[in-house]
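These are the structures, in structure tokens.
In what comes next, chain A is part of two complexes: it sits with chain B in the first one and with chain C in the second one.
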Partner chain A sequence: MLFNSYEFIFLFLPVTFFVYFWLNKKRLTQASKAWLVFASLFFYSWWNIIYLPLILGSILFNFAVGSTISKMNIVQKKRISPKVMLAFGIVSNILLLGYFKYMDFFIANTNMLIGTQWDLMHIILPLGISFFTFTQIAYLVDAYRNEVKEMDYLNYTLFVTFFPHLLAGPILHHKEMMPQFDSIKSKAINYRNIAAGLFLFSIGLFKKVVIADTFAQWANAGFETTQALNLIEAWATSLSYTFQLYFDFSGYTDMALGVALMFNIRLPINFNSPYKARNIQDFWRRWHITLSRFLRDYIYIPLGGNRNGEFKTYANLFTVFLVGGLWHGASWMFIIWGALHGTAIVLHRAWQQMGLKMNSILAWFITFNFINITWIFFRAKDWDAAKNILSAMSGINGILLPEKYAKYFGDFNNTLIQFGSVYEHINGKAQTTVYIILGFIMVLTLKNSMQLWDSFKPTRLNLVFTIAIFLTAVSMMSRVSEFLYFNF
Partner chain B sequence: MHTKKWITFFIVAALSVMIAVSGINWVINPYNVFSHGLDNFAPKKTNVLSDRMSKFYIAKNLKPKTIMMGTSRIGLFTEAQLSPYLEGPIYNLSMAGSTIDEQAAYIQYMLKYENIKNVVWSLDFFAFNPTKPTDAAFQPERLSETIYWDDYLISLYSFKTLSRSFKTVKKNLFSVQEPEPMGQPFSRDKVEFNIAYILNQYATDTTFLNSKIFHDPSSIDPKIEVVKRTVQLCRENNVTCVLYTSPVFYQHIDMLYALNLGATFEYWKQELALIGPYTDFCTYSALSKEVMQFRDSSHVIGDVGALVFARIFSKRTPNVPADFGIPITSQTIQTHLNKQRNLVHTFSHSSPITTIREGQ
Partner chain C sequence: MNFYILIFNPQSPKAWIRRGIISLIVIISVLFSFNYIIDPYNMTNYNLFNIQYKFARDDRTEKLNYFKNLSRFDNIIIGSSRVYSINPRKVSELIGGTTYNFGVGTATVEDHLGILLYLEKQNKLPKNLIIGIDFYTFNPNVPPNSYFLNNKELNFLSYSTYNVNEYWPKFLSFDATRASAKTLKNHLFPNPNEKPRFDSLGWGLSYMDNHLRNMEEEKRLTLQEIHQNKPMLYSNYQYTHIDIKRIHYYQQIQNLCQKHRIKLYVFTTPLHPWLFKELDSHTSTQNAMQELTKYFSTFENFTNFYNDSEFTNNIYNFNGATHTTAKAGDLILKKVLEKPKP
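Then we have the complex of A and B:
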């Protein structure tokens, strides 16, 4: 089920909310948690019930392995070491993810490399598998580190399946979630949380339905016609995707945080104005924060972090970003994207080590353009498509300006510059430029939703603002589109 | 402001606006989705979202006995032109730019859910092109579900729909001048320009209009199969399915041969003859050379509809040129194709206007 759907907003959410708090009011706290689990699984199965046994099996397996590891940590004499059990758990999770997400990629590359003729399996990616697998791997590692204090199956299932985060994160940590499910405070209706939740949810819905989906039409058209793009179209395509991705994913996260807050659950923040970043490290502290945290805690640090000299640190950083790229999908384009970011982070660290400084505006300019250009690899269907857009962005395909500028630059016609319909290939219009400028203004000058949440007060102004953006977004919901991160 | 009051205001205000907007849109019904009859004060719906959506609901609500199906070619003809020959209500359910699959899907829906008696199906050669993309506005789900909620939701709560509701009322109550409809006559210069422009587009396009795949006659087999299956379904449901090919300007046929599409074009006619008898208007005739009977190289003017239906349904057709509309069966198709092939002119797409003028 999508957050930006009528069935979610007007049926699922109100019913789940009222039944949950009614059960809590009757002091049926276990039943209320069971209800949330049931509602979350219903939410998960809405599209395709076929993968319900998969997620349930995965939860049962990981809980069993996690509990066993925790018990092993207590028992002095053990037949199998906790480390072996942990390795078994992690390998099983990776195999599951590998089968569903990477099998066809593996087969296609094997066929290409050694000439085999294996048929592709065309496996449909179960929704949210990358998210619930990573969440549970973290749980197993923490069990091994003896950091898991609670062993309640219902709480664990709720922690993994809680519907606001199930499909596209944030990637949760059991330590920050499981105590909240047991907190007495979370059992009673909290009007302040509901108001803040409605406020956040409306912002997220507006970001997704009104802003991201508007940029999506130009980004999608541009990435479909990469060969034909002119200079302005290519830049509009890449910038549209840069804005679409941010508003889509951060919009989803705002909605997830808002909905969870209505249930008195605080999810970790995932975005903090990432396009304001002045270096690549800063960007990764602001973009998909919970993924960065996972990669740091469960890959970078176990690899040795920065403890084994500069060269090993660079290698670890690069590896982390390669894994991050591959996590997003089974494609060489994601690996290239990860490698580019890995290289950038290594260069940034080397720059820092040398004690060099840079003007902050220039630093922002370089960082933003690097991110914008690397998103092209992230979005393009293959290398040629990415190359076409980059070529067009460099001006190789020529410069096409709107007819109205012919009177100023007419002398250059047919040599450097041509005149005509500028946004034809991306189904754009004159307002496309205005929207892109507005996109910059929004990401660079306005407060982000987390800052707005921090300062939220139930004032009349906020009421009018929330009603206006909610109604506008719902009014445009008929062009239903999935969230980009559902694919990862 | 007290938080509880804030939440109450939010819910009440949001719901009130949604109910008010939905109510206005429901009554004015700008996309023709509802059939409550309360919108009689604004019957002209000129601000629809897409023809594909609105025409579908008009057809559903009208419960026609006869439907006209095809692309914009039959779209220019009127129900009144057909009414002397077939049982009413008649509805022109044609969809501009539609593929054969889309047209068949609508016919099959009407066969399944509505009590239709006749289908008049205008067949266009380019609707059989396997590389022709389906129009983005076509929603197969609309035809596969008894209630397609998306259409109802977008027709109820949307500010865009509200704005169109107001425009609909304004146009109906204050008679705002409409832009020129498709059926208005063009000047000779305009028609000549249109013919040259369209022929040039077909001839120089390298994508779907003149794709290499289409040069292989067997590439249209799946589309032929769709027609065959739909005609069969009509027979099984005791529905009369009348087939004809749409008239085109003579140079349009010359162009097909010049583009090496002649083999596919002939194969198309041959395979249609195997499905059942039809009337071929897509061939050389006296009318096919009369510039002023056309809007462009593949669209005749709306008035020609009367001649088309007279030729198909009436035995006495004194006003119809004798060679306009040839009845085709599997027995006569080869002779007809040989005759057509002998009439092909040399086509030059580089200067079609000159060629048109020289041809007069």
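Then we have the complex of A and C:
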């Protein structure tokens, strides 16, 4: 089920909310948890019930491994060490993810490299598998480190399946989630949280339905017709995708945080104005924060972090980003994207080590353009498509300006510049430019959702604002589209 | 100060939520009711205010309502909007009798059979039936038009349900509200300059060549149209083979014609050369089109415009990528009615 669907907003959410708090009011706390688990599994199954046994099996397996590790930590006599159990758990999770996400990629590359003729399996990626697998790997590691101990299957299932974070994160730690569910305070309706949750949900819905889906039409058209793009169309395509991705994913996160808040659960923030970043390290502290945290805690630090000299640190950083790229999908394009970011982070660290400084505006300009350009590899279906867009962005395909500028630059006609319909190949109009400028204004000057949430007060102005953005989003929801991060 | 207090003074969160929810319920109910009553997309099949022309006019309802008041016609033209340009008067001139153009937008085979079954039920079957078939009509991945599914008089299928995700949201959409407001305005303050889309014989008036054509602008729009239709034609609705179910519907049409001794003329609606090139460049669509023409070539009076390069290569025969001009409509009729090809 999508957050930006009528069935979620007008049926699923109100019913789940009222039944949950009614059960809590009756002091049926276990029943209320069971209800949330049931509702979350229903939410997941709405897409395709075939994958319900998969997620349940994964939960059962990880609960068994996690509780065994916890028990092993308490009772010291052991035939198998907790480390072996942890390795078994992690490898099993990676194999599951590998089968569903990377099998066809592996087969295709094997066929290409050694000339085998294996048929592709065309496996459909179960929704949210990357997220619930990473969440559970983190749980196993935390259990091994003795940081969590969960012996209740219902609690554990709720931790993994709680519907606001199930499909596209944030990637959670057990310890930041379950104490909240167990807190007495969270069992009673908290109007302040509900008001803030509705406010945040409306912002997220507006970001997704109104802003991201508007940019999506130009981005999608541009990436479909990469060969034909002119300079302005290519830049509009890449910038549209840059804004689409941000508003889509951060919109989803705002909605997830808002919905969770209505249930008195505070999920960790995932975005903090990432396009304001002035270097690549800063960007990764602001973009998909919980993924960065996971990669740091469970890959970078176990690899040795920065403890084994500069060269090893660079190698670790690069590896982390390569894994991060591959996590997003089974494609060489994601690996290239990860490698580019890994290289950038290594260069940034080297720059810092040399004690060099840069003007902050220039630093922002370089960082933003690097991110914008690397998103092309993230989005393009293959190398040629990415190359086509980059070529067009460099002006190789020529410069096409709107007819109205012919009177100013007419002398250059047919040499450097041509005149015509500028946004033809991306189905854009003159307003496309205005929207892109507005996109810049929004990401660079406005407060982000988390800042708005921090300063939220239930005033009349906020009420009018919330109603206005909610209604605008609802009235544009008939063009329902999925969230981009559901694909990862 | 008062203004400041009014706007910025925090309320209790409970009151804030209550006011917000009540306001939303009221606004959404009003919007929904307004759009449902005006029904600008003709989705409910009921017309409380008897509005003649709606903003988003549904050809099926419009033509059916009009047709009910007319007597039986000798010749009927059936097809999608690609047959709007076929002039009923020209048909009468060429084969005699009275003619009605029953072309409806984005018609699939279900529409063709649905109209024929409706005419049979009304005892208004013609002597001659002219059907324009489109290349997409037999694509199994293109569903019947939602207006067809929602039209109780035409829909002969065992299901009439619309996709709930497409139906109810339309009454809440921004576009629907804008369309409702415009429909109501046009109804209350009719604009004498606004022409109806069809004349009394169902001919598409907007396809008459009474305007000076700017071919450069048209070329640009044509390319844009082809590009915009691309996802529908190739990606979303991959056309790999022709729909057997729809072939079966055509056999029903043939049987009906035989039973009632109706002379059947079938032609493939001409494709703009640029669109044809696009379709022909995809092996799957190329095969589907070949399969389609192979099937219809068994019909007695079948005219295939896909291989009529003399007609299709002339871009002046087209109004954009999809539709032919009225003059071209006359040319089509000449070929279909005067020189039927096996």
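Quick note on the criterion: the second predicted complex is superposed on the first by the 486 of 488 C-alpha atoms of A that agree within 3 Å, B and C clash if a C-alpha of one lies under 4 Å from a C-alpha of the other, contacts with A are read in each partner's own complex, and residues count from 1 in each chain.
To be clear about the criterion, a residue touches a chain if its C-beta (ideal position, glycine included) is under 8 Å from a C-beta of that chain, and two chains touch if they have at least 3 such contacts.
What you are looking at is a predicted structure, and each value in this text was computed from that prediction instead of being measured.
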Superposed partners chain B and chain C on chain A - clash or fit: clash
Which superposed partner A:475 touches (first chain B, second chain C, both, neither): both
Contacts of A:467 with chain B and chain C, given as first, second, both or neither: both
Partner chain in contact with A:198 - chain B first, chain C second, else both or neither: both
Residue contacts with chain A in the superposition, chain B compared against chain C: C
Partner chain(s) touched by A:341 [first = chain B, second = chain C, both, neither]: neither
A:207 touches, of chain B and chain C: first, second, both or neither? neither
Partner chain(s) touched by A:459 [first = chain B, second = chain C, both, neither]: both
Overlap of the chain B and chain C footprints on chain A, listed as residue numbers: 6, 191-192, 194-195, 198, 458-460, 462-463, 466-467, 470-472, 474-478, 480
Residues of chain B that touch chain A when the two form their complex: 1-7, 9-10, 13-14, 17-18, 21, 150, 153-154, 157-160
Chain A residues touching chain B - in the complex, by the definition given at the top: 6, 191-192, 194-195, 198, 458-460, 462-463, 466-467, 470-472, 474-478, 480
Residues of chain A that touch chain C when the two form their complex: 5-6, 191-192, 194-195, 198, 221, 224-225, 420-421, 424-425, 427, 457-463, 466-467, 470-472, 474-478, 480
Residues of chain C that touch chain A when the two form their complex: 6-17, 19-20, 23-24, 27-28, 31, 165-166, 168-170, 172-175, 177, 220, 223-224, 227-228, 230-231
